[in-house]
Each structure stands twice: as structure tokens, then as C-alpha cells.
């Protein structure tokens, strides 16, 4: 991630603002406001605005005239209760806005979360940045053999080199052809004054899916947590997880009580099915239980045993 | 609207907060933050939080690193352009949160706007306030004779008196019976120590629809404007219009450029159908045009002529 | 619930339709299509339309050209997998539309589920039905003493009689006054030809919250299951649970495989927090564990032990 | 667009289904159900399911027990009224599901319409089809000089040839490299048995944005019309307009009355601002009006005059 001089100055200008407000403020989040936190090779996450803090959740849950309750301990108890019982609307009362730079193939995963507001950089209107995601060697994984939707062992040696070469060269060549069709360089220089350039909305189709785009993405705390529960999870694709991890940290700074409750009840928690619950009950009572009598498929049985770390019970 | 001493103090406590923030602030909106602005006989509208201002719209439309553009004139031109062409996503980048007290039958109209976050005072959990909406005499209108969904002439004299008497007495009696069933007064006093009280979630069903409820209601600027376009309109029910009018004023203070564009393009604007456009073209050219050849129904024709104030052309 | 002769005929007319379609059909659901299934004293649930069946979930999950897979066993395995891992979008591919008659105070709970399409009977436009919900004696519960949002013991004897008397009389009186203000009976008869009637949008405010309203409510299977997970649950208010139970049965007829998976993984399932999981692990291993070392609050500890039925471990 | 033998058979199997249903059916839409209607060079639009027809709109607007009204003329009048006054909820009562094959850069525009249900072909899980969009020569437009977001004159001759060559060659080379990295051909053949293949979720990043993807896309009539109003419009990018045009035709077959109202009030209609309305009023009255006194910007003035076809008034 390379910011231009001008971009750095724009960010700094915002960071040196000192406005007085009657609104609640989140001291820790203010410290990193507007900062471009690097993700992957050229991406970033910036918090550009927010509304509310932990007390706002309490305040709206109580529909109160004032600022939640007086004591932090009471607030904390209520927030934990709300999180535990999956109360949703109070967590919608906090809002956050990010500026994010990310590869297009990740943007396409991301946008599937519909309950958010988005303004993306327009490639119909502007020229795309000349930046592409190329994985680092330690992330160059083979297709998983037992999970059709995941990664397996690392790819090494010459095969790895050859893959990285393809990714770099194809992205660069396609971008160069993009400029050629536009008859314009990424920095706005016209290539050939006697030629017209292809419409931007058409030329962009030649770019590769690892090209970086950027957008403003705004959502409420509830939907942000839903996003993070899925995307900071170990089953998420590594590249989107890298964004989710950086955002987890912004949540921790913004609403620390909610963050702790989220980590306890959602991130570290698990779901038990009706059948799974019966098995756990039996195991606690020391009763015999096996896959045959459980009603579970082999896959389910293993998922259950794995989640409790009972390796000896794997089918 | 009567605020208790404690409520007044809670509001004042928030209003005297002076927090320093790097976020953009709206100077005019800050001035009325938390204030309970009266609506109808016992209702109010309070702005309790907000995110962004006019520059945020520009900033996100441009996906910029800094704070929109430098010049107000450029921002204004862009905002007007976006409003005129019904661009929606940039207006979603501003968010506002209200605390509102309103009669239940109005709350039921209001909640039909789904794209908002709501926490309502819970009558399963708490005792409802002892307040009911009773229209003032100048709003006691008869059913309209030509619009099945509206109001016609005023109702006067003894009939008006008798109606107001009914509304007051029925609301009060039903509330008194509500307390009796709960075995508890509105202020928490137990009525008969030897009795149990009916569950709150049941007792509430005896209340009338003009009982006041309250909620926290949070939405983005786009959806707020959609709400106001419908509810500040002359076809809206008077009671909800009173709320919309007060909220219009908060929008004016918050995002004055967007407000002006909204008033020009939406509130004061109109839609023409394909057939209506042909008629207007003919009228401008001075060509003859009448309802028969227009393809319009009588109702449509009149709606069109009325909206331009051409009384002589009414069918 | 009393349907008029005309309403019965309209329902019958629809039920005797025999249209040929290339769309998938749900044989069991077709059998009860349009039928008014009674709920509470005057309410009902009617399925009036639907789109898709279990195979549609598979079809869209696979983005296939044909009709899901060939074998029911494969479909079933996939649907269970999707439900277990909380995949959401395939379940959005089935849609259902209900016509529901329900008391207003329940309608107000219901409408908090925003991801649905609703058309409610308009009391601005029409006169409300003369029907009110009055609980049966066996549902007349006192306020719970340990759960501020629920019901406790039954209320009996003269207190029960007196409560039922209040509910009936107040609803009826208020309705009579509603007619008086409208100057029109529920059946459209004008009361006094020399008088005007109060606007319907105003007169309705005198009605009690147990008055029945009705609406068309359409949603997709995912959001329907979310609704049912909350509203068919034992913590839901009895009155809305009665609707949810009837609807559970319609889901069973419509998409039996999804229904079974829903019952296993959601209805009968539970969530464990990170801390709760550690306790269960210890219990299974036969290690000592108590509330002090658990990091759980007393409330949480009890919720956990209760959900596994371990009475002896209650704090 | 080339369907495989198996795909054709799957489609035919569905088309030959003859199920009996009590649901309303749309005769004209049934005729083209499941059919793959070609769009662009390799794309298609298939209607795979639907719920409701024109009568469903009336039925829900009236919250009726039966099937809308008896007479088509009454239904038609109501639907036109609802469309003219932008009533929204009755149009949400019809639902349609499409299977669509489209280039990724178009899918990215499309997905900005959030109020729809989507299941996209997963490139984490499966290998993408070997198909890319290449514009035909008559659509190879230069960047517009007066509209930063559109197309201008055609690009001809050798420049056109060279552009088409780039698009084809880059897409094909990148796809070939995609296969090489996967160590697997598009048809599943393993390339080198001694090698592992790169994870699919990574390899896909090398594909170009004109690669075809496909999805199931389901939405209600209201949101479909909102989509079409924007995407069948002359300002929409040509490629997405091609899809919108085919879908317009499916709406015409499905709900012909709503379609006509949509064409009259939305597609062929226009919006007038408050200031614009004053100008039109003056022009009709034959009063002098010019841009100076109008309060309109030059751009706005021209947009207004253009929309009425008054060329002589252009600024």
C-alpha cells in the first residue's frame, strides 16, 4: 500500500481536526480515526466515521432519556445478556463507516453481506489503480482434498515460482492493455493524441480479478458482528480474514464491552443440535454413546467431537 | 408533554457534554441535540445522535481520502446533481438517531418504513405512560366524501364536544382498568397487596390506540428523506405530518445543502407520465388537447391539471 | 373466527381452481391452500400462495440447470448440511404468502420482523371488524416474579372473572363509541343521516389493542424460519406462539426436509459460549467444575445447567 | 451461449412437467418457463419460478379473502392508480426467480441492487466456465467526451481490431493459466498427475472481468421494476441493458397490466423539480422564461428542455 503525498496530506488534515461535540465519543477509536491500516500487499482499512459507543446500546435498549445507566457494571451486564440471548436491535444503534481498499475477487465475497451501505470507486467514470494482489509464498495453498471449498497443503518450489510469475505477469500485461485500449496511462497521460480511447466501462473488462478496488462501506454494529463472525472465522478465505482481523481490532477499540461479549458468545461459542445435545448429556452422565445410536451422520459426529477436542471419539 | 424533573436533568447532562472529536460535526444540529421538541399534545422528537454532514455525501460519492472537496460550491453542485438523478447510495452515508414519543396508531403507520433501526419501549416489561392523544378541536375533521382515505370538513359544536368527551373518557377508563388489572399504578404503587397483577404483556391489550409509546428510531439520510417525502406531504395523516414537519427542520440544520435539493427536486417536484408529458408538450406548443384524446382517465386528467394549477381545464 | 357466507364462497372458489403449471408444486401444502386455520378466539392463518419446495433449495445452492439432484437422499444431505452451517441464501429461494387475522398488540410484535412484505387492512380507508381478543381463563396469567418480561401463575376466581369482564366491556364500549363517532355501524349502516362521521383515520384511535386486524404477509423461507425460531419458542408471548405453531405445521407440509433439519438444528438446538464449552468439556472428562471458577454469572450458570437438565448443579 | 446436451435435457425435463395447482398461474409466462433466452455472446436469462400475477396485486391491496376483484377493468384501474401514486407494498406481493449467465463486470453492477436473493456459482468450489464476453464491433464505443460515465462515437478500423484481439487473447491466456495453476482443465481433466493444483479460491483471481459467471436471482415485482427502471434506461451501460430488455419482456408476459402502467408512469415518465414546474407553467401560459430568471443551472435547463424535445431552447 502506497499512499500518494496528497492522500497522506488529506488524511492528516482530517486527523488534526478538533471539533467539539455533545455526542458520545469513543476515545480509543478516535486515536486511529482515518488511519490507513495495511492489509495484504496493497490494501487497507480506514475507519472514517462512527456513531455511538457501548452506552448507546444500553440507552436504546432502555429507551432512556439519558445516557444508558450510571454504572459501567450495569451496562456490561445488560450488554452480555443482550448478546447471549441474541437480542439484535440494540446493537443496530451503533454505526461505523470504513474506507477499504481490496482485491475485486474479495470485494465480490464481501458484497454478499447486503445490509450495509456502499459507494464503490467507479471504473465507468475513473481509471482503476495500477495495483494487484499477489499472494505471498506462505499463502500459496493447494486445493484441499477433503474440503471442496478450502485450502490444503502449501505449494512449494518451482511450481510456486511459476504460479507467482503467472499472477504477476498476467495482471501487469492486462493492465498495460487496459491503458492501451483507454489510450491513457494510469496517471492520466494520453498515449496517442490521434486516437480515441475505448469507453472506460468497456476497457475495465480486461482487468484481472486481483485488481484492487476501493469503497466506502458503512454498517451497524449488529451487521458488522455478523460479518465478522463469518469472515474472521477459520473457514473464511484467508484474504478476507485478513480484513476481518483488522476490523475486529477496530471493534475492540470502539465498543470494548460488546467486543468481549461477542468473543465469548459468538466467536468462541458453538451450536449444538438437538441430537448433539443428547450425546453431550450422555457423555456427561458417563453413559455409553456411539455414532450408530446417535442418529448423526459420520460427518456430523466428527464435527461435534472435533469441536470439543475429543480426538479419540472420531469415527 | 411533561418531562419529569429527572428526565430534564438527564437531558441537560447530555447537553452539557463537551467531547472533542476528529469526526465532522454539524454546528446547527449540535445546538438542538437531545432537546425534546414538542409534537401534538404529549409527543416529542429528540435528535440523540448523528453521523456525517453534507461533506460526507460528497466524500463517499468520490470515494475520497479526504473530506469531500475544498469548495462549498463544488459540493453543492454535486449534491444537487445526485439528488436530481436519484442517486441513492451517497445519501445513505449520513445517519441520524431520534428518540420519539408518539401515539400508537401513528407508530403503526410509521413502522411500515422498514429500512430503519428501532427500539420501542416494551409494554411486556414496563408499565405504559399515562398519556393519550386527544385531537384539538381544529383537527376534528369528518371523513372526506371524495377521498376515501382522508379528511373533509371540520366537525363542530356539540358533536365535536361529544367526540372529544368519548376519546378522553374511554382512554382514561381503559387506562384505569389497565392499572386495576396490573394491580399497580402507573407510578409503581401496588394497589392491593393481597392480589397478584395480570401479566403486563396481557394487560396492555386494554389500552386504546391513542396511548403514547416511545422509541429510538435510527435511519440513514436517504431513507429519512423517503420517509419525509411521504409523511410531510399534504396527503399524509395530519398527526404523522406534525412529526415529519419537526423532523424536516432537523434535516435543514443537519445537512442544509441536501435539504435545499430535497425541497426543490422532491418535495416541490412532481412526476409526469408518458401520456401526461405529451399533453404538456401540446399545451406549450399551443395545440389543442382535451381529455378525450389524451388517453387519461378523468381522475388522472384532473390530477395533472391540478398539479399545474390549471383550474379551467378540470374535467 | 366467523367467516361470512361470501368469504367462505371466495375461499372455496380459489380452492376449486385447477391450474396446470410447469412450476414445482408441494402436494401437501396444496391440500390446505387458502384454508382459514383458526388461531385464538377470532384469528386465522391462511396460506394463499407459495413458490418452490425442498428441491428449489438444492437447485439454487448448486446453481443448476435442472431440478436439484435426482435422489431425495442427496437433497436431504445437502439441506441438512446447509442448515447446520447456517448457510442462508439457498433458503431464501422459497417464498410463501399468508393471509393472517390477529389482534393489534400481536401485530405490533410481529411487524418487528422487517424482512417481509406486508399489506395490512387500512383503518384509514375501511371500518375495522367488530372482533376483539379475550384470553381464555387458562391463559390468564399473573406477571412473572422472576422474569420481568413473562407470565407466572394463573389468576383464578373472582379476580379472573373481573379481568375478563373489563376486557370484554371496554373493547365493546370502545367499539360502540367508534361506530358512534363514525356515525356508521360496522356493517355500513349510517346511524344518523343528519350528521357527518368523524374521519376513519381519527376514529380508530379509540379502539383497544386487542381489536383484530388482518394482513397479507409474504416472506422467504429463511426469514420465516428466523421468525418461527423466535416466536414458536417457549419464551415468546403465548398469543404469538399460537400463530407460530400453526405456521410450523404449514412449513412441515411445504418443505418437509428443511422442516426436519430446522427442528433438529435450530428449534431443539442450543448455543454454548466459549466459557460454557470449557465447563462442558470438564464435566465430560469428569473434572470438578463449579460456578466460582467458571467465570459465569449465576444467571448464566443456571441457564446452562437448565438447558442440559442438570438440576443438581443449579446455583 | 452453448448449452451442453445434458443441460438441454435438464431444461426440457422441467418444461415437460405438468403439475396441477390451486395457485394463480400466468399463462404467457408459463410458455417460456425455464427457457434459456440468449443475451450478449454467451449469456442468458431463464425464468425458473414465479409467484402471483396481476390479480395478486389487487388481492393484497384489498386484503381480500378471494382473488382480487371479478372484473379485469377494476383490477386494471386499481393497478394504474397504485403505480401512479408510487404505492409500493402491493407490488411486493409478486415474486420471480431467474437463472442468469452474465459477465463478472456486469454482475458487479447488478449486485448493487440489494433487495434480492442471490445464489452465485462458487469459484471457491467449482471451476469457472471457459466463456468470456467480447463486444461485437458495433458496440465498441469510445469514451464519451461530454459524459464522463458513458460512451461516445464508435471505434473503427484497425484500432477496433486491435482492441478485440487484446480482449480475446488476454481472456484466453488468463484462462489457460488458470487451468495451469489449477492443474486441471475446465472439463475436469487433471493436467499433471504428479502436481497439486492451486486452491480454486486463489486461482480464480487470474481471470478477467469479462469471464462469465451465473446465478439464481430472485426478487419481488417492486424491486424488479426499480431494477428495470434504472437498467433498461438509455443511461445504463449497454451490456446490462441487454439483460434488462429481455427481462422487460418477461414482465410483460407475467403481469401485463402492471407492465403497461410501468411503461406509462415510470419508463416513459419524467420528474419535474419545483423550479422546473414553474418554467413549464410559464411556457404553457405563453410567458417569457429564460435560463437567467429560472434559477436553473445550464445543465439542468438543458436536461429539462431536452426531455420535452424543445431544441430551440437549449442554452
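In this document, chain identifiers A, B, C and D correspond to the written order of the chains, with residue numbering beginning at 1 in each.
Heads up, the rule we're going with is that contacts are C-beta pairs under 8 Å (C-beta built on N, C-alpha and C of every residue); 3 or more make two chains touch, one makes a residue touch a chain.
This one's a predicted model, so the numbers in the text were calculated from it and none came from an experiment.
Participant: Strictly by the touch rule at the top, which chains does subunit B share as contacts with subunit C?
Facilitator: Neighbours common to subunit B and subunit C are A, D.
Participant: Going by the touch criterion at the top, tell me which pair is linked by more C-beta contacts: A-D or A-C.
Facilitator: Between the chain pairs A-D and A-C, A-D carries more contacts.
Participant: How many Å are there between the centre of subunit A and the centre of subunit C, using C-alpha atoms for each centre?
Facilitator: Going by mean C-alpha positions, subunit A sits 34 Å from subunit C.
Participant: Quick one: report the Å distance separating subunit A from subunit D, using the average Cα coordinate of each chain.
Facilitator: Going by mean C-alpha positions, subunit A sits 29 Å from subunit D.
Participant: So which bits of subunit B are touching at least two other chains?
Facilitator: In subunit B, 89, 112, 118 touch at least two other chains.
Participant: Which residues of subunit A touch subunit B once you look at their complex with the stated criterion?
Facilitator: Touching subunit B: residues 3, 6-7, 9-11, 13-25, 30, 33-34, 48-52, 56, 59-61, 63-67, 89-90, 92-93, 95, 97, 99, 117-121, 214-216, 218, 220 of subunit A.
Participant: Touching subunit D in the complex: which residues of subunit B?
Facilitator: My answer: residues 77, 80-81, 84, 86, 89, 112, 263-265, 267-277, 280-281, 283-284, 286, 297, 299-300, 303, 307-310.
Participant: So in the complex, the part of subunit A that touches subunit D is made up of which residues?
Facilitator: 103-105, 107-108, 111-112, 114-115, 118, 122-125, 133, 135, 140-144, 148-153, 155, 159, 163, 166-167, 170-171, 173-174, 177, 180-182, 195-202, 204-210, 237
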